[in-house]
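Letters are used for the chains, namely A, B, C and D, taken in the order the chains are written, and counting of residues starts over at 1 for each.
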Amino acid sequence: MSEPGRVFSALKAHCRDDWDAFIRHEFVRRLGVGDLPEACFRHYLGQDYIFLTHFARAYALAAFKSDELDDMRGAAATLDALLNSEMALHVKFCAGWGLSEAEMAALPEAEANLAYTRFVLATGMAGDLLDLLVALAPCVLGYAEIGTWLKADPDSDRSQSSPYRDWIEMYAGAEYQEVAQGAIAQLDRVAARRLGPDPTASPRWAKLTETFRSATRLEIGFWDMGLAPPA
Amino acid sequence: MSEPGRVFSALKAHCRDDWDAFIRHEFVRRLGVGDLPEACFRHYLGQDYIFLTHFARAYALAAFKSDELDDMRGAAATLDALLNSEMALHVKFCAGWGLSEAEMAALPEAEANLAYTRFVLATGMAGDLLDLLVALAPCVLGYAEIGTWLKADPDSDRSQSSPYRDWIEMYAGAEYQEVAQGAIAQLDRVAARRLGPDPTASPRWAKLTETFRSATRLEIGFWDMGLAPPA
Amino acid sequence: MSEPGRVFSALKAHCRDDWDAFIRHEFVRRLGVGDLPEACFRHYLGQDYIFLTHFARAYALAAFKSDELDDMRGAAATLDALLNSEMALHVKFCAGWGLSEAEMAALPEAEANLAYTRFVLATGMAGDLLDLLVALAPCVLGYAEIGTWLKADPDSDRSQSSPYRDWIEMYAGAEYQEVAQGAIAQLDRVAARRLGPDPTASPRWAKLTETFRSATRLEIGFWDMGLAPPA
Amino acid sequence: MSEPGRVFSALKAHCRDDWDAFIRHEFVRRLGVGDLPEACFRHYLGQDYIFLTHFARAYALAAFKSDELDDMRGAAATLDALLNSEMALHVKFCAGWGLSEAEMAALPEAEANLAYTRFVLATGMAGDLLDLLVALAPCVLGYAEIGTWLKADPDSDRSQSSPYRDWIEMYAGAEYQEVAQGAIAQLDRVAARRLGPDPTASPRWAKLTETFRSATRLEIGFWDMGLAPPA
């Protein structure tokens, strides 16, 4: 199990079609070429604000469930980053789109949002740290793949006038990519500690791939929601 | 707070439209008049099997979160009933519809199912026993209202030949109605213990009504799912 | 891993001295020969009542954390047995010793009790079902060994006049021994499902043995407490 | 409920004798006058390292259980401070006492430590955020009172040569006192949000005072442990 990222690769290999449907979703493609309706993007941004609070709670749960100081520190750092800098960035970003924090905090939570976040939390609570990290992985790692792909894709609108340029730059940027590399390495490390040198040979592997697939499908549901803003 | 069922009544009063949309849902009405497509009912039954396992886990959580022996005993009795008799009844009922337990256990979980059950579990974990009981209430108490209404409704097909007669009899029956009365009384009791003599005056009341409304909407989502069986 | 009870045997082998100090504790030996002061036994009985309520909550947590229906059913059955029959037996037994349920429910919880029960609950919440079952094992399985040993020990006072004869018969009896056999089999089964065919080769094994050792030492602390009744 | 610190004052008033036994414990008094045996202090420091990791996990749980962003942010900031700066300070402080981090991480956990930390975690998990904050309060707020008292006490050895001067300065210092003021204010705020304007009138108040008393007694047990280093 020395190849870095082997756990993430193995999880993706089990749900390749779902993974591609998430990464290459119509919402993402239209965001890339720049013709995503602004109402869709604004709807997504507002729900993403709610999503971030529950995602932060999931990292708090990861800190609680960690046996090892390095895992606890990693989870606490992510939690702190989410609450005390990423949310501020998000709020600032949304302000540029005419969405105030008060407005976002008052939004009703979309069912796709609720489904995804509570699935992650309940999976983490019922299982162990590894179950939780696998449920968190599609979001953290998928956005890194999406950012990289959109930035490199010749179809993307990389002009200054693209309304979604900053969003793409954020996820394609070095800072976010580093977060994703850390999450990939943590998956390898925690899987090795809990399942041994070959995680895919563990009796738990089938259930972990199911968790990853479910979370990936819930990401698809989140994009679907973005395409269907309330009237 | 001496009027029995006052907490349940107050919760419903806050989301009357959603509550009615759940109780009088097209799935329910068509089940009553007997023209619900069998594929819809069978889809619902299979998902309900998965639902019951997570619902049982929610009652286990309620037992864990109880301070008082009577609440713990009540939750344990419900858990035992769900796992060791209701699921057997459900399996037997489904066998009559040509669905084997092995088939149901192998079904993919619908998103509406996942959303609802994980919302209940995550609400219960993050909050206290009362938060959990309020999240559980729409299911337990809604089915009792549905059973009573369908049995009394002149539009219902109460003939021996109605395919859904047994289902209606089960939820309209004395045994299920007694379970529901117990849940209504427990809501009053736990709310009094945690919020005082006038629960609606508590600063927690607004959030509890939101939890009840969300769970009610997730019930609507469950019926919507029933109407859309996989091809 | 086909030898029944291999996980329990391997756990004991890691803390043989602690295990023996628990099973052959002065409290147990004096209970066997019949010269344990009655104040000690009564103190133990009162604390054991409190212990049983938290132990029941731990089985509720086990049901919540189960992936498989058979584990959930087993935990729910134990929970139901604890709350709805064992506690009644305990109350009846204690009444014979002049301890009413109201008195026991009003007792302050001894620190040894609090330490043990909260360790089990916190271990179960932070970890997975296997962590929880291993934390529960010394109590369930130790009492079965104690009962068997005391009943067979030639030093034991097995006369009708022994004040502790009923206690010994209870834990040596077929019903309790069957519960213990079930718990031993469940440990093998859950360990196989979560760690694979050779649980002792898992990277988690060291931590599991530490959990088992800690719980065993907390049992010793519980007997120590029994020997030191409040003045 | 406008008087700041009213909840903390009311909790202390319910267990004044236990609170004084904690604050004015022989360990603390001897630390103040400077004649605490160094073996006791070193034993305490090593166990305190283990304590901090579980205390950090309790703040992670508090972040998970928060409904409001400000509570979540407060808990996350404390968690981050504990893991990423206080533990480093503690490690540096202990190095001055000849204790390396590797040594401390390898120490067996004392029962008094395990009892206290698992009580806090299990109380928080079974209850809500307020239950958890009340269980955490004696530690956070007691150390602030101890620091202030020892610094002001004319019996204290405030000379440069006192071995415990730095410890006293740390807890008497402005930075720690500010943390304590924040915790006091959070208790008022969360109690108001969950119990209403007069928390002492809530039906939950009796149980909250019991939690506070238990945690205070577990602090006493922690000092007792400090006075009894392993041979």
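To be clear about the criterion, a residue touches a chain if its C-beta (ideal position, glycine included) is under 8 Å from a C-beta of that chain, and two chains touch if they have at least 3 such contacts.
Not measured: the values here are computed from a predicted model.
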Steps needed, at minimum, to go from chain B to chain D via contacts: 1
Interface residue identity across copies chain A, chain C - same or different by half: same
Centroid spacing, where centroids are CA-atom means, of chain A and chain D in whole angstrom: 36
Interchain centroid distance [CA atoms averaged], chain A/chain C, Å: 43
Centroid distance [mean C-alpha coordinates] between chain D and chain C, Å: 32
Overlap residues in chain B, where contacts from two or more other chains coincide: 57, 64, 125-126
Sites on chain C touched by chain D in the complex: 57, 109, 111, 114-115, 117-119, 121-123, 125-126, 214, 217-218, 221
Contact footprint of chain C on chain A as seen in their complex: 64-65, 67, 125-128, 131, 192-196, 201-204, 207
Chain D-touching residues of chain A, taken from the complex the two chains share: 53, 56-57, 60-64, 66, 69, 72-73, 75-77, 79-80, 83-84, 87, 105
